[in-house]
Amino acid sequence: MKLDEIDKKILELLSEHGRMSYVDIGKELNLSRVAIRERVNQLWDNGVIEKFSVVINSERVGKNVSAFFEVDCEPASLVRVAETLANNPVVASCYQMTGPSTLHMHVLVEDFARLEQFINEELYSLNGITRVESHILLRRFKSRTGLKL
Amino acid sequence: MKLDEIDKKILELLSEHGRMSYVDIGKELNLSRVAIRERVNQLWDNGVIEKFSVVINSERVGKNVSAFFEVDCEPASLVRVAETLANNPVVASCYQMTGPSTLHMHVLVEDFARLEQFINEELYSLNGITRVESHILLRRFKSRTGLKL
Amino acid sequence: MKLDEIDKKILELLSEHGRMSYVDIGKELNLSRVAIRERVNQLWDNGVIEKFSVVINSERVGKNVSAFFEVDCEPASLVRVAETLANNPVVASCYQMTGPSTLHMHVLVEDFARLEQFINEELYSLNGITRVESHILLRRFKSRTGLKL
Amino acid sequence: MKLDEIDKKILELLSEHGRMSYVDIGKELNLSRVAIRERVNQLWDNGVIEKFSVVINSERVGKNVSAFFEVDCEPASLVRVAETLANNPVVASCYQMTGPSTLHMHVLVEDFARLEQFINEELYSLNGITRVESHILLRRFKSRTGLKL
Amino acid sequence: MKLDEIDKKILELLSEHGRMSYVDIGKELNLSRVAIRERVNQLWDNGVIEKFSVVINSERVGKNVSAFFEVDCEPASLVRVAETLANNPVVASCYQMTGPSTLHMHVLVEDFARLEQFINEELYSLNGITRVESHILLRRFKSRTGLKL
Amino acid sequence: MKLDEIDKKILELLSEHGRMSYVDIGKELNLSRVAIRERVNQLWDNGVIEKFSVVINSERVGKNVSAFFEVDCEPASLVRVAETLANNPVVASCYQMTGPSTLHMHVLVEDFARLEQFINEELYSLNGITRVESHILLRRFKSRTGLKL
Amino acid sequence: MKLDEIDKKILELLSEHGRMSYVDIGKELNLSRVAIRERVNQLWDNGVIEKFSVVINSERVGKNVSAFFEVDCEPASLVRVAETLANNPVVASCYQMTGPSTLHMHVLVEDFARLEQFINEELYSLNGITRVESHILLRRFKSRTGLKL
Amino acid sequence: MKLDEIDKKILELLSEHGRMSYVDIGKELNLSRVAIRERVNQLWDNGVIEKFSVVINSERVGKNVSAFFEVDCEPASLVRVAETLANNPVVASCYQMTGPSTLHMHVLVEDFARLEQFINEELYSLNGITRVESHILLRRFKSRTGLKL
């Protein structure tokens, strides 16, 4: 789907104000509420918009430790391991990348005690894992929401 | 802020249906519209909710290449480099982690030609960068939205 | 076999114009068609010329992704793994080098979906593979054809 | 350009027998010489065929050592270094890849004395190079010619 | 437990002079022996003070080689391996860190012969160990005692 | 100095009970107070005993984050950097090891905010530092006090 | 054994001229033949002199390729692998070092074909080997003989 | 020079017994003293024999620490650095290898204090050195003398 300038403006507004009414969006763009609704519906139907959501500050809900993992698997086990980890609620994302045959994983937990429990009891115990690297978030310089990585 | 079960339910519903009306949320939770509105306002005031947003499928808007970078800087230049990169619109996120003194960065671009241009013209040209690792997303096993990493 | 200047000139002309007639080569070098044919035959007989070929632009035939792999094997499995991979049509070349006990492999595929399929279904499933590194071609600065690497 | 089955057959025949006459190709495929010529011309015009060439056995012409290099550059110097190296006649190919910000380079030389000379006098002396890895070809399991990597 | 300035002074004095009498500490801080004793007791009861000890110069008691190890384990074996190593009297400390899934271990032995014996007979023989890095102390720039790392 | 069995027993008792009276030590070992005092004095004079100290639980005094660093320096700057870092009160120990030409450093800080401040303002700003690795303590399996590492 | 200046002079002369007669050594040092013989005998008896030998130029006897290997073993197999490799006549030396738990090995062979045979048939086939690094000698800047490394 | 079986036998005898008389060698091989002398002379003249020497046990002459170094240089400084290091008497050998652009160096010193002095005062102070790895010999499994590595 090819987006025109108005589509992009709508997506920008919704990225920052996800509950903005179609009337207000229309006012900003000199369009009717109906025109906006139609375009938003089309963005839904074409899969451009996956869902509306809310951005939650993880520290404010007690998720104080944000950790990144590189998980080395026996190559034949990679997909199975990835699917198991994806089901763990502390895992925020799990990707396969080019580069080394590892899984790239983001984890959000309450504190270091929970992190250590996740590592020793939920991660290291999985069959097919051969080595793990973990790093802790020190500082966010940019953290864009809205676009799926 | 300590969240109770109802706060958590509200956040879960809003994570999946960011534009759900307070009336409908209230029906799900056996609460009035006003009670929901008050709780949402309090989540805002306490910084738990950062914003409402829309999750956009990046491939559908032509961002076909999702790349992860490890950017090695001269340590004394790390913060300056990070702030410069954070201003580049193709950079989706930029973090400082424990582990090696690199910047961890996510980039979304249209295609490989744009990626090569970003690397050679916008990244490698920055003062204080000594080495870069780049990897391309092959497969998403999980990609949670809503919680800030 | 020791090549003289005329042999080298012939090979250079054929490298750039593989179907050039012996008459035309002879004109360039002030030699008869028969003299050229004899020398070319001798280059064949001595194994200098392995074959005449055509250089195909891989992107133009839909091979858009050129990837390099370092494949770590259990040492005892390296030759078997190499021979299996050499039979896979997406594998363009496969070498054993000094340095780490890995296989160095070039792969040409249509797109990232096919690359991911190759990695997860055809490569990681082989017995004896312990770790893989993959990298994607960003830019060709030189790509000489004619000499066997 | 979308290739049909006959185009592919022609390219396969020319890959193995680059000087095969159009008459002979026509016989194999039940087509006239003119039909083959027209298709070959179209493959030229569309950039599918880059040139006809000859595959030369490098050892038989005295290039006994085939080496692969990973060349680390200061990122700002990478393109300049790559273009300088691409002009060196012992460099067979030179690529920029994802992964580490190195140049990937293939070199063909007569012997180890020439390799050492290339490394110490022609490579290490370039401005902007910070580290180099070199590995020597031990064994070819597959080395396809015809398709541009 | 929140320490005030007097608590901190007491801990500093005891760090450098672990057997200093409460009378003498009291004189330094203008407090009675009883006041000091009460505060020390409270520091004990709150777990701030773990024990009083003596700092022994390891070279003077014949422990001439101080070695640091990074012990790679199969992830599922890490805790078991760590607990076994912790029981070995030459192991001074053994930690699990973020970063690679290795154990970080300090070892003090008489000489290189004992080190080699420890490595080959007591360390490499453990089930679940896949790789080890060992490094020898060359020079101490700072080595604080008193605070538990 | 060659220690006999009684010296070793005394050191063991003092390691665990640094303020134990010489009378009580004497009772345990069937020796007089004077004999113990003489031996302890000799252990002091020979440099075996460096000092008496107190073992403080770092978490209980608010040092919640224990981090290990590998600090890469330009080799010519290593000693100067080490001496500067040794003067920083958050640095608990700083060693030069065999292996890579890095400094090995233990740091104790209150929390991640202080750690990030130490890294970005006190460590990365030092001249001659080229790269840093940092890892956070997850779990102590053994942490012996009394012997100088 | 403590060597005096005369012992050192004798060892220096024998290092460069291993067959020099005791008479000639005596003349150089203003000592009798008998005095030299007695000292040499004592150097033998004390194990200072291990043997007299001849330094052979390896290239002149057809050993054209000098290779260094780092051989990763399962730790429990390291000693067995080392003893097996030490029996292979192409292995010139084999050491266990601090650092990674690898074997450091020097190999001298006729040519690359023999090197590849050694690697694939004699090295990779050993049980307990997990990874190998091999590097080829490019240039000798110094190669002292006489002292055992 | 092509060696026959008798040449090889002579070299083997001289490798183990470098001062064996030609008469005794002749007896072992059923040849005259003159025949042996002539062959040895020819081995000298052809550069097969570089010198006769004595193998000295380094520990017995107080060289207790045998260390291997990988010295990273700025590529343009590698040859200059190598030549400087080759002049240092504690350096036993210094090689340039394929693989990383480092110098491989063997060092023999009296003890760790001397090693630290060499590292900090004689090695790290050289211009053009960027990083160093050092490892200590733990155990010799084989250490052949006689053939130049």
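When the chains are written out, they are named A, B, C, D, E, F, G and H in that same order, and each has its own residue count from 1.
Keep this in mind: contacts are C-beta pairs under 8 Å (C-beta built on N, C-alpha and C of every residue); 3 or more make two chains touch, one makes a residue touch a chain.
None of these values were measured; they are calculated from a predicted model.
Counting hops only between chains that touch, subunit A reaches subunit H in a minimum of 2. For the copy pair subunit D and subunit H, the superposing rotation over Cα atoms measures out at 90 degrees to the nearest 5. A separation of 41 Å divides the Cα centre of subunit F from that of subunit G. For this pair, subunit B with subunit G, the centres built from the Cα atoms lie 59 Å apart. Touching two or more other chains at once are residues 96, 98-99, 116, 119-120, 130, 133, 135-136, 138-139 of subunit B. Contact annotation for chain pairs lists A-B, A-C, A-D, A-E, A-F, B-C, B-D, B-E, B-F, C-D, C-G, C-H, D-G, D-H, E-F, E-G, E-H, F-G, F-H, G-H, with touch applied as defined.
Within the complex formed with subunit F, the subunit G residues making contact are 98-99.
Residue ranges of subunit A in contact with subunit E, taken from their complex: 67, 116, 119-120, 123-126, 129-136. Chain contact summary for the complex, subunit E toward subunit F: residues 1, 3, 11, 14-19, 46-58, 60-63, 66, 68, 82-83, 85-86, 91-99, 103-104, 106, 108, 133, 135-149.
If you check the complex, the residues on subunit G that touch subunit D are 112, 115-116, 119-120, 136, 138-139. Residues of subunit G that touch subunit E in their complex: 72, 74-76, 78-79, 96, 98-101, 130.
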